Structures are given as structure tokens and as C-alpha cells.
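The structure appears below as C-alpha cells.
Chain lettering (A, B, C, D, E and F) follows the sequence in which the chains are written, and residue indices restart at 1 in each chain.
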Amino acid sequence: MTSSISPLTHFDAQGQAHMVDVAAKPATHRIAVAGGRIQMLPETLALIESGSAKKGDVLGIARIAGIQAAKKTSELIPLCHPLPLTRVAIDFEAASAHVAGAIGIFCSATVETVGPTGVEMEALTAVQVALLTIYDMCKAVDRGMTITDVRVLEKHGGKSGSFVAR
Amino acid sequence: MTSSISPLTHFDAQGQAHMVDVAAKPATHRIAVAGGRIQMLPETLALIESGSAKKGDVLGIARIAGIQAAKKTSELIPLCHPLPLTRVAIDFEAASAHVAGAIGIFCSATVETVGPTGVEMEALTAVQVALLTIYDMCKAVDRGMTITDVRVLEKHGGKSGSFVAR
Amino acid sequence: MTSSISPLTHFDAQGQAHMVDVAAKPATHRIAVAGGRIQMLPETLALIESGSAKKGDVLGIARIAGIQAAKKTSELIPLCHPLPLTRVAIDFEAASAHVAGAIGIFCSATVETVGPTGVEMEALTAVQVALLTIYDMCKAVDRGMTITDVRVLEKHGGKSGSFVAR
Amino acid sequence: MTSSISPLTHFDAQGQAHMVDVAAKPATHRIAVAGGRIQMLPETLALIESGSAKKGDVLGIARIAGIQAAKKTSELIPLCHPLPLTRVAIDFEAASAHVAGAIGIFCSATVETVGPTGVEMEALTAVQVALLTIYDMCKAVDRGMTITDVRVLEKHGGKSGSFVAR
Amino acid sequence: MTSSISPLTHFDAQGQAHMVDVAAKPATHRIAVAGGRIQMLPETLALIESGSAKKGDVLGIARIAGIQAAKKTSELIPLCHPLPLTRVAIDFEAASAHVAGAIGIFCSATVETVGPTGVEMEALTAVQVALLTIYDMCKAVDRGMTITDVRVLEKHGGKSGSFVAR
Amino acid sequence: MTSSISPLTHFDAQGQAHMVDVAAKPATHRIAVAGGRIQMLPETLALIESGSAKKGDVLGIARIAGIQAAKKTSELIPLCHPLPLTRVAIDFEAASAHVAGAIGIFCSATVETVGPTGVEMEALTAVQVALLTIYDMCKAVDRGMTITDVRVLEKHGGKSGSFVAR
């Protein structure tokens, strides 16, 4: 007879959600990098790029929104542990540097802590909110923008070892 | 000589960000629908689908997280106006119902208000946080999940008229 | 054949939770009063009562905590609508004024709004957090305090009419 | 002449509230369990129990609300220290298993941390908000529900030693 | 015999704090402007001014922090009513434009709503947090910066009429 | 050729804002004291002073608001690290005790932590919000109050050594 224990660690043996016990896990240095992009019309991208230089710094504002969102992750994701983040950094590049022909902005977020659990949720949340903020600031000219390919790129530290996306 | 006014309404004539004046806009009934999906391994999808029935209700928890996130939108997106939401509903379907061959969960969020501005940011935020919550709950078995194709599907009410994504 | 619609309005016909649609409900003046008490040792009550007069104003602090909690209700209770509260008032009395022989503090909260839904959750939340704050401030001398009999006392306004607890 | 120092540690020698100094206290493993129940009509209990199985998972949603509330305790209770919780778990049972003849739901919350102060406030807050969420979801059919007997059941770790309620 | 009613409206006839009743007050268009400045070393001001142009946009970040803080006012100030702000704008100038010989940055915030109470607290909060953010970003080079002269400059709308600071 | 690295540590070599890496900094005991005052009419000061004694405890409420604000600092100031504060205390005195002839209230806040970065932002935020709360509670009788001279008074712990304002 097979075990009834869920492989999803956020559920106990009765299938009830809980915030899992990490008291016995040592505090180690953790780092996670997530990335994703927002696709847009060429004219919208041109506006953002000119804006960064002179008027209307879309990316500067999106960066701040992403950093602040990383700090709110445990409020947003029900079973996340609160963690004292030691670093959050967010980068933007032209999406074409990542996917040939893509038009838009690629965002990556790097988050670090010294703690008992990883910070990939914080990195993903930072990317999502940074990209949402770009959507918000440009939606007056381009409602069809799409946020896509948001995922963990790298994760280091902790018992389960390093992960690097293919 | 061309005007120097940015077409991005979140910036004033000097290129400074502001929360735009909506005091003169009438409060009308607004509705927005956003959608997106998370792609995963077939085994992960099977776990979620069995869990919904008996143990470990991943989608039930993601739905609550998405509804709560919609209410936090103006805290997360710097230039969003706070709005008294009158409805938030979140649906999940197999992603294959939307994109042939896709493996994973498709999420849509419908948000309504009676107010001076639209609620597409609230709908997008609900979708993003619901999908992030699925990632969080399943990451122990599948770190390579990707959140993708998050966009506004429909938007009604307000001066700029209806928008329906192609 | 029996209907499959849940009498619990927070669930739709498929049994999925949602924040129910109140867009069509008129904004009317709503008022709700909730009450509850915390039971304690006679010495603890004596400390609070002397403190109010001279040093260590337990009830003054609990009142502020309760007022602030009323404003956070829609963050705490997943399916509550955000509402622009127009009044919050909190009163404390000796519990013995309400239940013969009871030793402790009785707290009541009155909350008002002009809106499409009632404010009984806001009143209950204010009472709970005010009583929890009393617990926090006195726990160094009395760990056995119990919060009890928290309920809606009155509710007026809205389609469903007035409710007064027996 | 007797000392004028309040036995309530949240006040200093002048009777002014403060968040007490815990810098010198060692970080030890702390655990607290709190419990309480909501009393209701037999029909309401029947609805919840059927709902858990098939449509309208009241307890699943209340559990998530309670876990999230535990993380918000230091925002709600003015003089609480922020603590990095390492575990939150919430259980529900029929109230009759705890008090003969009681009709309703009994909720208990277990919270753990490795830190300089205890987590009984977090456990109490989780119970209160979980029970309030049950009230919210069932109030359309039963306005007279009462939340009662909320208290600390057990507390371990720290200088003051273990506490177990009689 | 003199009346015992406090002229401070946030207290009732018993001297207890409450969030005052505004349900009967009409929703009118309100506007408030607050201002204040941060004084610093000439070298610090030079750094900020060069940064705005090319690297390290201190004022752009402070502006976003101020706008977001305006939306959090009712969370920060215990007896403030939550209000649906319709506009927030923040401006920075050289302090010397306001006070002869002053070295530093002058910040003003303009906040609007259509509601039953004024928004001067929101404008003051925006100024305070914008100036605090400047302090945070420059403190590595200048710990002696001072925030000063924060006050309401103008206020219009509502029964009590217009106010313009001398 | 001059270096292009900003002396403002919140910006990286490209001039982009980030939450700086503190993972390698040891957790040490940190303490910061900030102060500031609110200037008002003599009648307003008289009201506050009488109120503290008997009805309408303005300073008691401002103290709680300041303590709670200290805990929210990393939400308000975009690039602040979240820190587990171990102590927050707030004091009020007549402003004349600090500046000859000043009429109003002087507020100081002392904040401590055991962590990798200092807590001067938390102390400044506590002072600002405590003074704003005094403004809020007295604005019905004195709209011209001014918050002034808010600055760090002392700071100890950490690599950069002690700072004491002249």
C-alpha cells in the first residue's frame, strides 16, 4: 500500500496546509535569481528607453516597486516564512538580449538572506511586481503588453543544493 | 516643433512621476479580467489535481492569495489609486483548455469596482500572486515551473471604452 | 432534487470562494456594535484599574489598537470588502456590569460606514484586537486570562434589516 | 514604602509604554499553543462540515487566514516585537470534543520561533482571526455565532519556563 | 462652570480617543499642500543634484516613497480616516529658493480627494517620508542632516474653509 | 581620472538603486536615538499638558503611533533592510527644555537591534510619526503647528563607530 504523505511539503499528513517547521534548519547564506519579461509594441519600448534618459523614468520606478515587493513576500504568499533579507537587486535589459526577436524589457531580481529557507519566492515576487509596474506606467499607450517567462534562474545555499535553470 | 508632453500619463510635463488626478472623473462601474498560466511537469499537474479532491488543496489556497492580493494592489504598484473593490473572483482551469499542448494551470481573475479608474492592475496582480502561490506550494517537487502569458483579457467601463484582447 | 447552491454567500455555484459582488447594492449608512470580554484574576483587574488613573494606561493603548485593527479588517479576513469607515469608537467597562460575578474587562466597538455592505466584521475585529492587546500587556502577571463571549450585539442598515442580539 | 515600579513590564518606571528591551535575552526555541471556539446553530455546523468535503471549504480558508494573521501580530499588537516565525499550524475539531454539548468549531494554533521572546500572542492572534473568518463566511445564515474561550493552552521555552493551562 | 468638552475633536466627552463620525459630512473636493526641507552639507546637495542627472536618482526614489506613504497615512496615524485619494504629487526644489541661505532640498506634496474629511495628514506624511528617504540615501556621507519646517502650506474644501500659511 | 563610483552606497556602479548587501556584516548590538519637535501656540501646549493628566491623552497615543511606525520603517523607506527590533522607547518633554523660548513638544525615540545594519532610520521614523500624530490630534485648534529639527542625536554599534550630534 502506498504512503498517503503528500510530496508537497506545505501540507501535513492530513492534507492540511501549514507553514512548515524550519526551526531545526541552520541559517545559511541563500541566494536566488529570478527573471521574466514583458512584451510590448516597439513604440512602447522606444518610449521607455527615451524616458530613462530624460523624462519619465519607468524603469527606475519599477525597480523600487520590485525591491519593496520582495520585502512583502511573506504577506502575499500565504505559507512563506518571514525572512530578514540582506540584499535585493533588480536589473533590466532589452528583452532581445535574452530571446531573439523579443520586443520589451527583461527583468531579473537577485535576493539574498542568511536564514533557514530559500528566497526564490522573494526573487519571483520582485520580478512580477517590477513587470506589473511597467505595465501600469505604459498601459495608457499599450494595453496588450504581456508578462511572460517568469521563473527561477538560479538558487544556491541550503540542504537541497544549487539549482540552475536550463 | 513637437510637444514635450509624455504620452505616459503617470508623468507630468517635467517628466516627474505622480499619481494622476482622477477627482473630476465620474465613478462608473468598471470590470477587468486578466489571465495567465503556470507551466509545469505533468507529474506536478497530477499532484495538484488529485490534491484538490482529497488532500492538499493547492488551488483553494492560491485563490485566497489572489483575492487578498487584489486588495493590496495600490500598496504594491506605486502610482495606483486605492479603490473600493466590489468583487473579486478567481478561476482555475487546465492550461490545455487555453493553449493546445500546454501542461499546467490557467488562472483568470475578474475584478469590479464603482470608481473613477479601471481595475486591470488589480486583476493582473490577483493572477500573478495566485500563480506565485501555486509555484510556492509545488516548488518542492518542480523548480522549473514558469509563469507565462499574463495579460489583460477584457476591460469595460470608463471613458476609454472596452478592450478585448485578440 | 435539492438545489446545489450553497447558502453561504461567499461561495459560488461551484463551491469556490469569491469576494461577492456588491456593485449593485446601494451605499447606505451602516452601523454595527460588537462586544466581548477578557476574564482575569482579581489582582490583574486591580492593576489595570489603578493603571488607567496613574501609570500604565492599558486600556488607552488597547483602544488605539482596536481602532487601528478595524481599519485593517479587509486585510485580515480574506473575503471582506475594503470599506471607507466613517467612525470607530471603543468602550471598556468592568465585566461585572455585564455578567454577574465576571472579573475582567468588557469591550464594545461601534463601527459605521456609508457603503454597500455591513461593518460587523470590522466591529468584531476591533473587539478581538483590543482584548488581545490587554492580554499582551498583562500577560507578565496573569497567563491564564481568557477572551470570551465575542459576538455582534447590534447591526443596522442594509437590505437585511436590523439585528439585535438577545 | 513600596516600589512604584509597575509589575506590567510594558510600562517603564514613569508608567510610559515601551517595547521592552530584549537585546540581552538569548534566542531560544519557543513554542506556544492557543485555542478557542466559535459556537453556532447546529445547522451552521452541518453546513461547514458538508462544505469541507465538497463545496465551500470554510475551514480551509479560515486556516489560511489564521496563518497569515500570525505573521501580522506585531503590526496589530502595539508593543509586540517582530519575530521570524519558524512554524505556524492550525487545527480544527468539532467543539464537542472539547466541551460536552458545545456546538461549533474548536480551533487551535501552534506557533514556533527561535528568538528572544515568546510567541503566545502570535498563537492567540491566529486563533482569533481563524474564528473571525469562520464568522464572516457563515454570517449570512447565523448572525448569533459567538467566539469564546480563547486562551493560551501551552507555552514552552524562555526563562519563565513552561506554562500549561489547567 | 466651564464645559468639560475637549476642543480636541479626537476625544469624546469622557476624554477617550475615537475616530470621529464623518458619516453626515458631505463628500466634497479637498486639497492640501504641505512642505518641509532637509538641511545638509553643500557637498551632499551637490551629490544629489549631479545624481539626478546621471547616476543615482535620489529625488526620483524619494518621490515614489512619498507617494506611497500618502496612501498609508491611515495605517500610520491612529485616528485618521481611510480616504480614496484622487491625486498625489510631490515636488523638490533647492531649499535656497525658500529660505535665503538654506542648503538642502525643499519638498512639497499636494494631495487631493473627494471625501468627507481633509487630506492635510496625507500631505504631511508624504513630505516626511520623502525627506526621510533622502536622509536614508545620503546618510553614508552626511549623518548630520536635519528635517525641518514641515507644515501645512494650504488647505481647501470642507466646512472649515481655506487655510493658507502665512 | 576620477572614479565613477557614487559615494551614496544605495546605488551600484551603474547608478542603479539597490538594497545593499549586508550578509557579510556581523550582527552586532546597535542603538540609535533621534529627536525633533513640534512648535505650536501656547494654548495648544496647555491643552496637551492638561489632557495628559485627565482627559484626552495626546502624548500617550502619539507614543503608540511612534512605536508602531518604527516597526514599519522598512515598508516606508524603499531601500531599508527589515530588522528585528529589540527595543523601541519614546519620550516627550516640553520643547523649552531643549531650545530656549520654544513652545511645543520635543520627542525623542530610542531604537535598538542586534543586526547587521543601524537603526537610525527606525528612530527617525518613530519621531516623525509621533509628531505627526500630535499634529493630527491638535489640528482642530491649531493648523499652523510646525515639525522641526528632526535629526539623529546618537548612534552606536557597527563598523562606522559612534556618532553624537553636536
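What we mean here is this: contacts are C-beta pairs under 8 Å (C-beta built on N, C-alpha and C of every residue); 3 or more make two chains touch, one makes a residue touch a chain.
Everything numeric in this text was worked out from a predicted model, so none of it was measured.
Common neighbours of chain C and chain F, listed by label, are D, E. Comparing the CA-atom centres of all chains against that of chain C, the greatest distance is found for A. Of the two chain pairs considered here, B-D and B-C, the higher C-beta contact count falls to B-C. Homomeric contact chain A/chain F is classed as different-residue, with under half of its interface positions used by both copies. Comparing the CA-atom centres of all chains against that of chain D, the greatest distance is found for E. In this assembly, the C-alpha centroid of chain B lies 32 Å from the C-alpha centroid of chain E. Separating the CA-averaged centres of chain A and chain B is a span of 15 Å. Counting partner chains per residue, chain A shows two or more touched chains at residues 17, 57, 60-61, 64-65, 68, 72, 75, 78-79, 84.
An unclassified topology is adopted by the chain contact network, corresponding to no line, ring, star or complete arrangement.
Interchain contacts (touch definition given at top) occur between A-B, A-D, A-E, A-F, B-C, B-D, B-E, C-D, C-E, C-F, D-F, E-F. Residues of chain F that touch chain C in their complex: 57, 60-61, 64-65, 68.
Listing the residues of chain B that touch chain E in their complex gives 12, 16-23, 74-75, 78-79, 81-84, 115-116. Contacts from chain E toward chain F in the complex involve residues 4, 6-11, 14-15, 17, 36, 47, 51, 54-58, 61, 64-65, 68-69, 72, 75-80, 120-121, 124-125, 128-129, 132-133, 135-141, 143-152, 155, 163, 165-166. Put simply, chain B touches chain C in their complex at residues 29, 60, 63-64, 67-68, 70-72, 84-91, 112-114.
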